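Here chain A shows up in two complexes: once beside chain B, once beside chain C.
And then the complex of A and B:
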């Protein structure tokens, strides 16, 4: 009898736990769903607007009345392909160059012990604290003297994006520090050079951080607006997508170009989305992996 | 040797002047950059081509034409004048910024005469500075706002009365879009309607010297009351976008740039009219507006021949033929008188509304850049006001802000001296005599002197000779003081009071 009672009480308590967990989960899921809706609504709106063909201005509804690809076709009658190419070249070059520089830098600072290593790291830390915008005007002047502004803005922009990338070594150096040094030593004993150690031992072990570096290096130029606008001013041939698209929102163009602007926005998002989807796994590892040791 | 060099130099100068003067030498190829609005890029390309083919001087332009909107042109030019367009179009309100930045080349006497004779007089006034110099070529005379309405909602007999329009909209559950809360440009409409003014004076270089502003007055109060009727109505939306019509508005106040979109939205139901009147205390006031021009400027050039040909091209592009072509292609209202008189322009219903509203409009001359931000808050403050005192307060706030910003007013005097590094163009508020009083800290230095001047001027307005009280605090340097400076004997905190031409000094 008493046993039954206890069993009943346990069952009851068990039920209580289950229900309360269910309630908790439901609440969390509702919150998460609400948040993801809030996050996704702008993107979905832009996507839907880009397929709207019955009018080209802003309207008060989201779902198009007439669907079509006109906006995408019209994009190719403008300078948009040029802007897209500019952005892509700038982002790709920056991604390659910056990754090489950052990884070499991190490897050096992680594995080599040389005079002034600590002061150098500290110096770069302080230098990195100055906002990049401060240098904008002087950089413009320098680039102008080199002939890398306006229509020739792309090489100028690459130069600027890559120039200070050596200072962004923190995360990957932190990651390299977690790889046991004895691996390097073993390879060195077997006759590997320093460079061979880097690309045969360290890099295969640090896939996440390499991918993280590539991604961040690619994203910077891809979304840059302020600097690109300043460097490429007044010359359509030198603009990147962000700057070019922005001009379509001026008061005399918005009524004609709004849906096209949305289509442009979608095309801009595609490569980045694909990149992230493929590399997402490594990205998270990279961000957190580098944080283990500073 | 020096003489020889001077001779050679002056000869070469003479030669260059000769070559500049003779038209034949203008022949040649010129690489130029032209900045125009996106929608007329192709047309302008064609027009430059036409100029190349028809001019008798053998001038040939290799023009790169870039789309730079008129609203943005000044910002872009000022970024780097050297790299900017040789010819560029801009809205009139940027005129002062561009002259200040030295981005505009003066028109020569011939061009100036030509423009004065062939162009809308208001437009000419808009490009002329104090000393009668012309700085740009008027391109269009249509940069103002008026009313678009949906004929299916608004009966035509109601379009002259703001109260009736509001009632119609309320009855139909439609909105009345007039950008009152975020734009001084539109909001000034009510003030100009009751006869208020805000006029800025500039010197020859385009610097602001003073402002005559009557927004905070009885007339301004009437305007605020009228505005309150609109902004407190539930059907008012603060927008000047064509898209407001697609989002439930029956009326939108905006300009010619929205016409093609609105035509598509409303079709045959599109109505266009000048702004309505509003009624306060039994009196009708027709809403005013800003009216502006789009201008074409030529950038100062190093090469005089290039400058000369650019001015010719600018004259051609703003002439009757090109203006009519632009009207036909994109509907822009020309500033050129011959083009204005042309049938196609005179019968254009949208331009009719533009010109009808222009009668009540204020030509938008040079306006200090800060004014837009100071004035635009009136809309929100009027909306928030619950009684007449609230409205008065809104206007008073406006005046206070104006007063604190513009010490440029001729009455404001600056006590320049050792304490501000003898900076007679001091922008900080610290050393101006407000209502004739100034309290300042005199720091210890070798020469603790200064004098009262008009900002930007070195001539002594008031100084040692005018001190009637407090002479014990200052040194009498006698003949050693040709500039009439007030030189303090010791550092400290002083209050200077200027009453008429008498200075009182008190040590605190």
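And then the complex of A and C:
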């Protein structure tokens, strides 16, 4: 009898747990759905407004009254294609060169133990505390003397992006640290040089981090605003998409080009997003691995 | 500060424990840390001096004991190498010496001699009677003098280092020959560059880039803080600029009102305070909310985890400037948010998201949460999964509720693992140019601040202020440079403190 009672109580408590869990899960579902809406709404808005043709300025409603592709057609009457190619070329070159430099740097700092290693890393840590923007003032004038600014901004931009990229070695160094050193040593014993160890053993194992580095290096120039603004100063032909679209939202242009900004934004976002989503796996790996190492 | 035993410490309540630790930090760790820091600097200088002394001694003794080949190498670099058959090394040394001497005679000497004055003759105008025009001749160029002056000093240091290597080479070669072994040939030297000296080959390109594009500009800009380099003194076309000592630091840190109604020091204080508040909130709201979202998605019984994650990750993929600029316009007076709320009849007037200082600051922090959560969700998801599940199991058996599990297991673990990340994220947020500049551009403008400093606003961080100074009407580069140096000092100070308090940053090899 008493046993029955306890069993009933346990069952009841179990039921209670179950319902409370169900309530908790429902709350979480509601939260997640609300979040998804909040996170996606701006992008849906930008997409919808890029098709609005009844007016070109900012309005207080979302769904267009008249739909059309005018904004996209107008884009090609402006400098937008030029900005797009500028950014694309810069992104492509940066992706290649920066990857080489970052991998050289991080592989060396992860694998070799030489006298200057620790001081070098500490030095770069301190260097990183200076606001990088400050260097733009001088780099702008030097690049200008070399003819790599304004309309010819793209080579200058690539140089600026790539040259200092060695300082961003943390994430990939963290990855290389996880590859066992015994692999290197075994190969060294078999008579391989350090170079052979790198491209025969380490690189094949490092596909995720190589892809991560290429992906982030490629995406960087699409979002860069400061350096591109400085270097292309005053010349429309040298702008990248960020600077060009930013100027469209300035006070004297926004009424003329707000919807065009939306269309441009969509055109920029689509290829980058597709590429990112395809390689998402590697990005997540890099981010989670790198953050822990700091 | 009275010391208390471990037992007494354990008996304290939670609040008291925290208080005790904070107190200990300020009375104990901080002074000690600072003391150690200065002691270490002192020791570093001392051992540096000692090292130079022993190097000098070594140089002299090599000269006294060396043979004639070595002795001649002191004048003609690489001679010893050439004489002993190490042709490649010898040629490189000799070539370097020739280039160096040539450079110093042709250009370096001039730059170096002009460095103390930064140029003597500015642009001059000559009147041409025939055409009634003025033609300008440009003479000295302060900008180039400063730049190439610094470069020349770099070069001299490199030369001294190479010369020392050259002496060392002779010493080593003599030793090797005396012991009856053979010297390395040029071919072997080249081979070692892909083998035991491979790190030098790998580092050559990245380090050159960093030296030229980061180190040199930073040294240059630090020096600019001690000059009057601005739009009106650009050093070439308008006027020369020159050294002014600590004047700019005095301007920035003085309480006398300048230009506007408020002193630079007051403006700086305000911007710095907001920068720190911003960095604090931007880091920790993102951190905790991101962790919360990650835990919510990870929770048992939640379906389509991948979909939720993908939706959030999607927002990382879209270039930030698009989302930031667009969202900033959504919150504008005539934007979608105000428009929708007005048409729903929930508000009667447009909300002053960007017009009121407090509104703007809060809006910026909230939008930053929108930007930051997906990223932190990714980072924390991975770490949360690494926490051993049996920890929770046993906690549950002991009757711990979810909140206790969170504060006793999840949070300590997360804080330990992500400590370094939090630090970099904090300093990164202090310098988060994009979010602030693209969202508000620093608006609303602070009318009390000096207009000479590029109309600084209430949401301006130090870094956006710096940008505004350089692009402002007067282009006061020297002032921007002072702000930059002060940013560095603040960031370095914070990092130093955190570095000395956090256990998990210190040991790099622990992670390997």
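One rule holds for everything that comes next: the second predicted complex is superposed on the first by the 271 of 294 C-alpha atoms of A that agree within 3 Å, B and C clash if a C-alpha of one lies under 4 Å from a C-alpha of the other, contacts with A are read in each partner's own complex, and residues count from 1 in each chain.
Keep this in mind: a residue touches a chain if its C-beta (ideal position, glycine included) is under 8 Å from a C-beta of that chain, and two chains touch if they have at least 3 such contacts.
These figures come from a predicted structure and were not determined experimentally.
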item: Chain B versus chain C as contact partner of A:76, first or second or both or neither; value: neither
item: Partner chain in contact with A:67 - chain B first, chain C second, else both or neither; value: neither
item: Which superposed partner A:31 touches (first chain B, second chain C, both, neither); value: second
item: More chain A residues in contact - chain B or chain C; value: C
item: First (chain B), second (chain C), both or neither touched by A:199; value: neither
item: Chain B versus chain C as contact partner of A:58, first or second or both or neither; value: both
item: Which of chain B and chain C A:149 touches, first, second, both or neither; value: first
item: Chain B versus chain C as contact partner of A:255, first or second or both or neither; value: first
item: Touching both chain B and chain C, residues of chain A; value: 58-60, 254, 258
item: For the chain C and chain A complex, residues of the former touching the latter; value: 143, 147, 191, 194-196, 198-199, 202-203, 205-207, 209-210, 212-215, 217-218, 220-221, 224, 293, 296-297, 299, 301-302, 308, 310-323, 325-327, 329-330, 332, 334-336, 338-340, 342-343, 370, 374-375, 378-379, 381-383, 417-421, 423-424, 427, 431, 433-434, 437-438, 462-463, 466-467, 470, 477, 480-481, 484, 487-488, 491-492, 495, 505, 511-512
item: Interface residues, chain A side, partner chain B - complex; value: 55-60, 140, 144, 149-150, 230, 233-236, 247, 250-256, 258
item: Of chain B, residues touching chain A in the complex; value: 33, 35, 37-39, 66-72, 76, 79-80, 83-85, 241-243, 246-248, 257-258, 260-261, 264-265
item: Footprint of chain C on chain A - complex, ascending; value: 21, 24-25, 28-29, 31-32, 35-36, 38-40, 42-43, 45-46, 58-62, 100-102, 104-105, 107-108, 112, 114, 124, 126-127, 129-139, 141-142, 159-160, 162-167, 174, 177-178, 193-195, 198, 219, 222-223, 225-226, 241-242, 245-246, 249, 254, 258, 261-262, 265, 268-269, 272-273, 276-277, 280, 283-284, 287-289, 291-294
